[in-house]
Each structure stands twice: as structure tokens, then as C-alpha cells.
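Common to both upcoming complexes is chain A, partnered first by chain B, then by chain C.
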Partner chain A sequence: MNTSVVVTGIGVVAPTGLGVNKYWAAARAGTSGIRAIRRFDATGYPARLAGEVVDFVAEEHVPSRLIPQTDHMTRMALAAADWAFDDAGIDPARWPEFGMGVVTASSSGGFEFGQGELRNLWRQGGEFVSAYQSFAWFYAVNTGQISIRHGLRGPSGVVVSDQAGGLDALAQARRLVRKGCRLSLAGGVDASICPWGWVAQLAGGRVSTGADPGDAYRPFATDAAGHVPGEGGALLILEDAESARGRGARVYGEIAGYAATFDPPPGSGREPGLRRAIELALEDAGMDPSGIDVVFADAAAVPELDRTEAAAIRTVFGPRGVPVTAPKTMTGRLLSGAASLDVTAALLSIRDQWVPPTVNTEPGVDHHLDVVLGAPRELPVAAALVLARGYGGFNAAMVVRRAG
Partner chain B sequence: MSVREATVDGLKQILRQVAGEVDGVDLDGDILDRTFEELGYDSLALLETGARLERALGIKLDDSTLNEVQTPRQLLAAVNEKRATHPDAA
Partner chain C sequence: MQRRVVISGIGVIAPGGVGAKEFWALLSAGRTATRTITFFDPSPFRSRVAAEADFDPELHGLSPQEIRRMDRAAQFAVVTSAEALADSGLDPAGLDPYRTGVTVGSAVGATMGLDQEYRVVSDGGRLDVVDHAYAVPHLYNYFVPSSFASEVARSVGAEGPAVVISTGCTSGLDAVGHAVELIREGSADIMIAGATDAPISPITVACFDAIKATTARNDDPEHASRPFDRTRDGFVLGEGAAMFVLEDYERAKARGAHTYAEIAGFATRCNAFHMTGLRPDGREMAEAIRAALADARTAEDQIDYINAHGSGTKQNDRHETAAFKRSLGDHAHRVPVSSIKSMIGHSLGAIGSVEVAACALAIEHNLVPPTANLTEADPECDLDYVPHESRTWPTDTVLTVGSGFGGFQSAMVLRRVT
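Let's turn to the complex of A and B:
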């Protein structure tokens, strides 16, 4: 029998607000953080909108000594980690260091830092490249910096599976807690809104070139034309349920089920792996589809991917068989930070008994989805399913539910 | 650092740029004989500091220098010795 693993702390950095409360208030109001890019001059690029975290001032949240050696995404991750510990009421300095680990997801590492050092290399020469480039760009850097800052010396790692990574990291953390690690800090905080990162995202062919923040990202619409990228994410504290209860922790909910699948090669004619991921995650949770009160969709906003997701949800839950929402329509898709922020929204929906809306889209009727549109919906939420897909065929599904 | 001789003030400025300041350490105090470890600067911070000094002074430190020096006084001595023997630094 696997032990139950629960979430006891959350730190959020989102385009719509810093911290859980601001993010959640914006989600309730349906406020969008998608705007014209400010971090660099994007006028010459085909896509010019993003969900930027505009009110994050690194110097207010990160020690001065870490500023010269960190990418923007790492600074936001360090802040989110601090807030997650605060939220959980844990001072890691008072916990056994080998009993705490950290697992983050990453999509491309610290691209903005890397871009700056590449510029130094080609404009000025190798001796002008920062020694910190050795790790500041690296996929595992958020895990490393958080581990060093808080003395988390237990089992740790990084997962690289694009947008699915936020769920895969939480699942890895759950495995580690089940193996005896007392606490694992996990999730994703990501950012790649710089010219180098931007062209890499554009090359994927799934970024919206829409100019109007009010309709550039329209998942499930018949005229869906790609997503708007964003930055930020969420880090969560996972603990063994009994241990959390023992210290009187406030519990957001249980990570009850998870599965990951990989798509067959393009052109194989075989069904994509998302439906199977959903079914396996439900099985892992020991639940029937009827136990799920809301689905947080991956919401690719690419017609074929939307059809695949709608079909998977329909097949498992029936036509209009479960409320579906995509609060990422307010933030953009946050790379490896997207899914852990969706898990956060799912846990807060369980806490508050309302579900955040999907904004700025009108789903095609052919999908037969009951999308929570325009305004939050009050409904009893005991369990939620979160879906995430990564470029290249990654599928992940996670069930969270009210702790027993 | 625009001066052509490495001074403790110039070094402090570089240390602040490459690795900020550590809580509880006053760089404005007398740091010459405190170890970099005590001051909160790790080996990578020292590597970056060495690179900045090389660029500012037009010198090349020996590969072993940064592994050997323990304190700002020792680093400044090594740097200024290089400077003295460097043909362009006169």
C-alpha cells in the first residue's frame, strides 16, 4: 500500500500576480496577464504577446550575492521556493537536511542568461564570458540553487519534458516521499522571453501571432491559432500525509493519481497517448471518472491538439460529462511552470469550492466540452484532474483530491 | 576598474559586482586578511573575480593562482606581481 502524499505549501509567481493570493484573486476576476512584450523589443518578430511577470523585482526577493549568477527564471524560482516554505510553516534550517529534496521541471534552462553570455563571447571574446555561465543556463539550475539556499540535501533532480514537466516533477517528488524522503519541494518555474528563447519557441510552430491580447490564445475555438507563451509557475511542498498531520500542517489536498504516456510516432495512425494517461491516472488514484469534478485542460490551442484533448476527455467522461477549464488562458502557457500552476489552481478550487474560468475563447460545439467560460463557477469540488502535454509527444495526467 | 594597479577598493568593487554581499559581512571593514571563504565567496566567485581583474589590468594570472590565494591580500599581491612583470603594464 502506497502512502498518501499531500501538499502543504505553495509558492506562486504568475503573470497575473505574485503569491498564491494575488494569483487566485486574479483568476477569480478573470483578469488576464497577456500583454505586449516588454522584456525586449519584439516589434520585428511575428509573435509579440506574452504573459510576462512584470512586477517581479529580483532585488526584493533574492539575496544580492545570487543576482550575478542567476537567470530570471531562477530568481523567480528562488522566490517561489521561499514562499512555499513560508506557506507550509516550515523553516528548513530546523529540518533534517537529508530528509528534504527538491525536484523541478525545466524546458530550456536559463536562456536569457545564456543569451547574454553568448553575446559577450562573440562581441568581446571568451575572457568576457561569466564563470557563472557554467551552471546558470543549465536545466537543473533551479533545483541546485534552491537546494543550496535552503540546505535540501535529500534526493533531488530535474525533469525535462516541456509543458508536461510540471506534473512529472510533482510525480517524481511523490515517489521520493513514498520512498521515505520527509519533504519534497517540487514543480516548475520557467521563463524564456528573450530573443534567443523567443525564436526557439517560434520554431516550434505553435505560438500565436495574434496581435490582440483579448483573442490571441483561443483553445478549443474552431479558429484556434496557437498559444501565447508566458513565464512563471508554482512550487509545492509535498509531505507524507501522516507526517503532515503529525505536525499539524494545513493540507491543501492529496496528489492522488498520476500517469505519463508518450505519443506514437507521427503518421502511425495510432491514437495519441493522452486518453490512456487519463485512464491510468484515475486507476492510480483508485477512482472512477464520476469522481472527478473538474478537468484542468492542457489547452494547446492548436486545432489538431485540441481535437485530441477534447476526444480524450469525451471518451473518458462522456459528452459534456465534466466541467473543463483552462485558467492558463489568463497567463499564457508557462513552459514547464504551466502544469504545477494548474495543480495549484485545482487545489485552490478544492479549498474554495469554485473553479476559475477560461477566458477569451469560444469553444467549438463539435468538441462537446462543458467549458467554464468567462466567469468562475461554484460547484462542489472534491477531486480534479490536471492534464499537460509537452512538445514531442509527452502526456501527463494528475488527480488531486481533498485529503481524507 | 579603470586604475592600472589592483587596490583593495577596486577589489571590493569587483567582489560586489560578481557576487554581491553576504549578510553579516561588512566589505567596507578591514577584509585584507580574512579568507574568501569567511567573506562568503566560493571558488566560482573567485574565478569570476580573477577574470575581471585580468580584463581590467590587461594581465593573465597563472592557472594555479586562484586555487592558491586565500585572502584579498594574497590575491592583490599575486595580481600586482603579474602587473609588475607584464611588459604592457609599466
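Let's turn to the complex of A and C:
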């Protein structure tokens, strides 16, 4: 029998608010954080909307000596880590150093920092490249910086699987806790809203060129035309359930099931892997589909991907068989930060017994999905399923449920 | 009873040797593959030495579209995966896709592709708001190095768990360790696992110049990588990949597969000290070594050979010498230790897997590869580093370690399959 692993602390940085409470209040109100890009002049690009975290002032949250050596996403991750520890009521200095670890997901590293140094290299020459470049832009930076800041010396890691990474990181943290680590801080906080990152995201061909924040990102709509990129994410504290109970911790819920699959090669005619990921995650949780009260969708807003996701949900749960929601319609898709923020929303739905809405879209009737539209829905939530997919064929599914 | 995981196929691309056979020929002969950089004009840089692989993607069967779509590091990963699969004797068509997974380690992703593309979309660095009209259509594949895992999964037809592991210079050990974990827990029966990096580009050279991590021995490139030598002055940037077929032992045995070694134990720790600096005491690496030995149920004195991280920086070689003494006690002075980076340089995230390949082949051949260029003893590095020439040595159990920016310290134990 595997150890039960629970979430006892959460730190959120979202385009709709800093901290769990502001994010959750905005989700209840259906407030969207999707706006015209402010961080750079986007007028020359076909896509000009993003879910930017506009109220994050790094100097207020990150020690000044770390500012010059970190990318924007690392600063947000450092803040989220602080808040997660605070929320869990844990002072890491009082915990065994080798019993704490950190697992983050990244999609593209500290891309904006890298952009600056590439510019210095090609505009001025190699001697103008920062001494911090060697570690500020690589994918491991958030794990490394968080580990140093809080003295976490236990098993740690970094996973890269595009938008699926947020779930893969939480799953790896659960593994490490099951193997004896007392605590693992895990999830994703990500950002690439800079010209160089924007060009790269545009090349992926899945970014909406809609100009109206009110209808640019329309997952499951018949005229879905891509997503709006965002930034931010969430970091969660995972602990062994028994040890959390022993210290009297407040518990958000249990990470009960998880699975990852990969899609078959293009043109194979074989079914995409998402349905299998859902079934394996349910099996891992020891649950039937009937135990799931809500599904947090990946919500790609690319017609073919929406069809695949709707079919997977329908096959497992039946037509309109389970409420489905996509609060990321309010934040945009946050790269590797998206899925850990959705897990946060799922845990808060279990706590508060309502499900945040999906905004600004009108799902096609042929998907046969019961999408929670427009307003939050009160309903008994004991367990939720969170789905995430990464570019190239990554699928991940995670079941969270009320702690027993 | 925990499942045992064995290596049943190896594919390697390394400087001086493409293919596992060539790679081992170089190591066992103690030849070096470090040279003056040829990929671009290195004259503006402080460190102008690197270990480049002689790799032609077309010769290895990649199609023109695959070559366009993939960064060089992805090409390495796909080609070495194919070699490993062929070496394993598995019929690719007979693989159960659902039970086959992929892990690929990489520290720096598609650096070459990103460097080249940035130069174009920014028009040589002139434009702040870069021009998307000049981006290659596959730029997203460079943006997210997860494309390395998706390319490998697609090429072998794996539909189980797939992920890139990116923990700096321990990525190559951690990706293999992660794959072992997935087989042990039952998430897959076969893992195509390993690591790749192709970082020899101006931005990488410049960023290591900025912290003087790489060698400045530009007038003597063939002897520039000098782990444990008193005159060492930094690492030599390298490139390459190693991918493995990892398999549940019972499954490999049942099909009569040749197996190189069992991956018996793995552990990783963080030093939580500094993004690039190491404390001289080697404390966290020692802790990782102890945990890996415990995972492998192996006593210190059973280790027959240590494949060191041995990057050739002042601080690293001192740090890990201390870690070996701290974790293995007196046995540290009795066991041969060597660094193959002396011959093939340091390929960042790839090297951990390339070194796992070296360890598996050391077990296969009962031969310890040498540390080249070790001519002047350093009083702080006083172990048996097998200088210059490989050594015939009964090698049943091997420890390999890695240390990376970000503070990562990893250790793995490989054992002859019995």
C-alpha cells in the first residue's frame, strides 16, 4: 500500500492575482486577467494579448541581491515558494535539511534573461554576456534557487514536458515523499512574455490572434482559434499524510492518482493518449469515473485538440457525464505553470464546494460536455480530475480528492 | 520484491567516436578528442577549446525534414536511441507502445538552434522587438526542449510516460535514475532513456567565459582537459549523447537478451549553497553516494571503480575527492577513480549518461578507462585516478557521480548482472 500524500501549503502567482486568496476571489467573480501586452511593444505581432502578472513588483518579494541574477519567472517562483511555506505553517530552517526537496517544471527556462544576453552577445560581443547567464536561463534555475533560499537539500528535480510539466512535477514530488522525503515543494511557475519568447510561441502555431480579450481564447467553441499565453503558476507543499496529521497541519487534499502517456506518431491512425492517461490515473487512485465530481480541462482551444479532449472525457464519463471547467480561460495558458494552478483550483473547489467557471467561450454542442459556464457552480466536490497536455504529444492526468 | 532494471542496449555519440564501439575504443586507448573549436570562429572568446563530435545526420538516416525540425541535440538523441534499440535485439515493431516510455536528460536544450535563430530574428542583435517573419517554422521545438523526448518517443513508437529531465549537469544521471524508477514502480517495462546536449555555440562559450569555468589552455587543446591535475584550469566544453534500452530484468532474461549491467541504485541531493559554487567538504555529494549505495544494498568496499564527475575545475575536483573520502572512508584510497572528461570534455546534461555508458562498458570489459593528461599531482586530489592508461581490473560494481549548477549532486551504482 502506497503512502497517502497530501497538499498542506500553496503559493500562487496568477495574472488574476497574487496569492491563493486573490486568485480564488477572481476565479469566483469570473474576472479575466487577459489584456493587451504591456511588457513590450507587441503592435507588430499578429497576437497581442496575454495573461500578464501585472502587479508583481519583484523588489517587494525577492531579496535585492537576487534581482540581477534572476529571470522574471524565477522571481515569481521564489515568491510563490515563500508563500507556500507560510501557508503550510512551515519554517524550513527547523526541518531536517535532507528531508526536504523541490521539484519544478519548466517549459523554456529563464527565456527573457536569455534574450537579454543573446542580444548582448550579438550586438556587442561575448565579453558583454552576464556572469549570471550560465544559470539564470537554464531549466533547472527555479529548483536551484528555491533549494538555496530555503536550505532544501533532499531529493529534488526538474521536469520539462511543456504544459504537462506542472502535473509531472507534482507526481515526481509525490514519488519522492513516498520514498521517504518528508516534504516536497512542487509545481511550476513560468513565463516567456518577451519578444523572443513571443516569436517562439507564435511559431508553435497555437496562439490566438484574436484582438478582443473577451473572446480571444475560446476552448471547445466551434470556432476555437488558439489560446492566449499567460505567465505565473503555483507551487504546492506535499507531505506524507500521516506526518502532516501528526503536526496538526491544515490539509487541502490528497494527490490520489496520476498517469502520463504519450501520443502515437502522427499519421498512425491510433487514438491519442489522453483517454488512457485518465483511465490510468483513476486506476492509480483506486477510483471509478463516478467518483470524480469535476474535470479541469486542458482546454487547448485548437479544434482538433479540443475534439480529442472532449472525446476522452466523454468516453470515460459519458456524454455530459461530469462537470468540466477551464478557469485558465481567465489567466491564459501559463506554460508549465498552468497545471499546478489548475490543481490548486481543484483543491480549493474541494475546500469550498464550488467550481470556478469557464469564461468567454461557447462550447460546441457536438462535444457533449457539461461545461461550467459564466458563473461558479455550487456542487459537492470530493474529488477532481486535472488534465494537461504538452506540445508534441505529452498527456498527463491527476486525481485530487478530499483527504481521508 | 522490487523489480530490477538492466541495460540491454547502448547508443553513444561522443567526441572522437560515434557509436558505442568507437566511443569505447577512444576511452580504452586513452586518446583525447579536445581540439580548437571549428563550429564558429572562436577568436573573440577566452576559451577556444571544445570537444566536437564528428556527426553527419544524413549518414545516420535522418531525413531532410527531420534534420530541419530537430536541433542537433535532438538529432543526437534520436540517432543514439536507434542504436540502443538495435543493440538491444528488441524488434521495434514488437514493442508494446503503452509499456514503453522515454526520458531524455538535457541541461541546456536547443542552445545551438536558439542562438542561431535569435541572431536572425534580431538581425544580428540590432532589433529589440525581434522579427517573427524570419523565424524558422520549428522554432517552438527549440523553445521547449521537451521536443527531445517527443522526437525520441515518436521515433521509437513509445506511448508510455515521456519527459525531459533538466537538472543541469546531473541531467544525464537523473534521467536514467528517473527511468529506473518508472520501471520499478510498474509505470513501464521498457524505457528508452539517456541524455543529450549540443551546447557548442557562441552563447554557451560566452557564458562560461564570463565565470571563467572553462579552460584557457588554448595553445594546447589536446591536453586542455586536466581533471585532478595540479595545473587544471577549467573544463572543456563537449557535446554528445548516450541513450539506453532499460528493461525489467526478468523480461530481459526471458528473451535471452545480452545485458551490460544492472542499475542497482540511484540518489540525488542538493547542496543548497550556491548556483555555481561548491563547498570543499563534499557533504551533499557524500550524502547522495551513501543513499545510492543504500538503494543498491551495496557496501562501500564493494565498489570496484568510481567514474568521477572530474570536470577539471579547481573547485570540482577537490569537492568530489572530499566527497569520496567522506562517503567511502579508507576504501576511497583503494578504489580506482577516473574522469573520461579528460578525453571527451564535458557535454553538460549529456555527460551523465555518456558516463553511465562508460561504466557499463567498463563492467563488460573489466577495464577501467584512464584519466588522460594527469601528469602533476595535486596535494588536494590524492586518490588513484588511473593516469594516462586504462587498467585491466575486475570491475563488477561501479559508482558514477555528477555535480551540477543549481547545486545538484547525484550518484548511481551499476552492477554486473548475475
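Here, the second predicted complex is superposed on the first by the 404 of 404 C-alpha atoms of A that agree within 3 Å, B and C clash if a C-alpha of one lies under 4 Å from a C-alpha of the other, contacts with A are read in each partner's own complex, and residues count from 1 in each chain.
Going forward, a residue touches a chain if its C-beta (ideal position, glycine included) is under 8 Å from a C-beta of that chain, and two chains touch if they have at least 3 such contacts.
Computed from a prediction, not measured in an experiment: that's the story for all the values here.
Of the two partner chains placed by superposition, only chain B is touched by A:68; chain C is not.
When the two complexes are overlaid on their common chain A, residue A:30 makes contact with neither chain B nor chain C.
By the document's definition of touching, neither partner reaches A:11: not chain B, not chain C. In the superposition on chain A, A:201 makes contact with chain C only, not with chain B. When chain B and chain C are set side by side, the one touching more residues of chain A is C. Once the two complexes are laid over each other on the shared chain, residue contacts for A:232 go to neither chain B nor chain C. Of the two partner chains placed around the shared chain by superposition, chain B and chain C are both touched by A:134.
In the superposition on chain A, A:337 makes contact with neither chain B nor chain C.
Residues 69, 127, 130-131, 134 of chain A are contacted both by chain B in one complex and by chain C in the other.
Touching chain A in their complex are the following residues of chain B: 17-23, 40, 44-45, 47-48, 51, 54-55.
Residue ranges of chain A in contact with chain B, taken from their complex: 63-69, 127-128, 130-132, 134. Considering their complex, residues 44-45, 97-98, 101-102, 106-109, 114-115, 118-119, 121-122, 124-126, 128-132, 135-147, 149-151, 153-154, 157-168, 171, 174, 178, 181, 185, 187, 202-203, 205-211, 213, 267-276, 284, 287, 404-408 of chain C touch chain A. For chain A in complex with chain C, the residues that touch the partner chain are 40-41, 44-46, 69, 97-98, 101-102, 106-109, 111, 114-115, 117-127, 129-131, 133-135, 138-141, 143-145, 147-148, 150-162, 165, 168, 172, 175, 192, 195-205, 259-266, 270, 273, 276, 390-394.
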